[in-house]
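Let me give you the structure first, and then I'll get to my questions.
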Amino acid sequence: MTICKVTGHVWATKKEDTLMGLKLMVVEDETTGASFVAADVVGAGIGERVLVVAGSTARRALGRDDCAADSAIVGIIDNLQRK
Amino acid sequence: MTICKVTGHVWATKKEDTLMGLKLMVVEDETTGASFVAADVVGAGIGERVLVVAGSTARRALGRDDCAADSAIVGIIDNLQRK
Amino acid sequence: MTICKVTGHVWATKKEDTLMGLKLMVVEDETTGASFVAADVVGAGIGERVLVVAGSTARRALGRDDCAADSAIVGIIDNLQRK
Amino acid sequence: MTICKVTGHVWATKKEDTLMGLKLMVVEDETTGASFVAADVVGAGIGERVLVVAGSTARRALGRDDCAADSAIVGIIDNLQRK
Amino acid sequence: MTICKVTGHVWATKKEDTLMGLKLMVVEDETTGASFVAADVVGAGIGERVLVVAGSTARRALGRDDCAADSAIVGIIDNLQRK
């Protein structure tokens, strides 16, 4: 799971049917700085630090294996302690 | 889902059977600048910003699990807001 | 399997249901220096060198295929010899 | 699908059984410059530009899901137009 | 399949059950220089050049889909010719 920050929203009228109704957010990977889009399943808001999963695991998190999303926000980080 | 720009077309006469009939487009990842080829399922045009999925999720988007494509354009971005 | 060092803990109250009860740790890839979060199944502690798996293999290690984790600590390295 | 150039051949006498009979070629990713090995299913030759797929999609292209190859050449590029 | 060199051994007493009995080796990707750990199924030795597969394909090579390894050595390279 990558550690990301939620930085924005995406709107796409024309999209694959299984993406309808999903909340699509722009996230930024804290380590690489790369920005990409993830479907949110935990009600994350702009500025929050989140856990993001990729690939087939994102489809599991979204609860349907035919879903055309390969990235999902699965947790909101309350605290992260490094030693 | 990566945020890409559609930059071109690809023609390949000799190809794996399951790729026949697919519209193959060159896309450029906005974050990394990498160019690769994705099958389009939403009618995207040159210059448009799109959402691209990879791996087994691309096969889901293309509607057949035996398809030999590992990248698909699944949405056309109308608006992307970063804060 | 990537060679990582366990560097911290993560707390996330709001998270996808299948992540409940998992011990989530911050790990750092020795090669790339990238930090990410993995679910621990072997009782690893801070500072230990561990083996980490990704993607669908992490779900196998966690023993349930519907789990929303795409990274897991699967071994604690006792010794690593390079020649 | 990555855009690669076929740059060589690989011989491996000792290999996993499911790789027997496959034509293994060295390809170079045009974007990253990385070289790796892909199984060819379309009769590609040295110097040609090809489309390469990875992961479970490569196994689909090779027609058997138990195959120990995670990369396959699935198309020969006739023309690629960028605007 | 990535082209790697076998550079060492790894010992891990505490590990996920499905990894018991596997020969775990350190390999170095020739292109990126990254070191990681792969399970060997072809009897590779230190210093040899090998083909390495990742993800679900590694589990196929190891012959059991519930295995917690996401990387496997599947061939020993006799000869690699680039033109």
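Letters A, B, C, D and E mark the chains as written, and numbering starts fresh at 1 in each.
In this text, a contact is a pair of C-beta atoms (placed from the backbone, for glycine too) under 8 Å apart; a residue touches a chain by one contact, two chains touch by 3 or more.
These numbers come from a predicted model, not from an experiment.
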Separation of subunit D from subunit C in steps, with touching chains one step apart:
2
Using the contact definition given at the top, which chains are in touch with both subunit A and subunit C?
none
Could you label the subunit A-subunit B interface same or different, taking same to mean over half of its residue numbers are used by both chains?
different
Suppose each chain is reduced to the average of its Cα coordinates; what separation in Å results between subunit A and subunit D?
31
Indicate the residues of subunit A shared as contacts by at least two other chains.
55-56, 58
Head round the ring from subunit A, going the subunit C way, and note every chain as it comes up.
A, C, E, D, B
Per the touch rule above, subunit C residues touching subunit A in the complex are 7-16, 18-19, 24, 26, 34-38, 46-47, 55-56, 58-59, 65-71
State the interface residues of subunit B toward subunit A in the complex, per the touch definition above.
1-3, 30-32, 41-43, 51, 53-58, 60-61, 72, 74-83
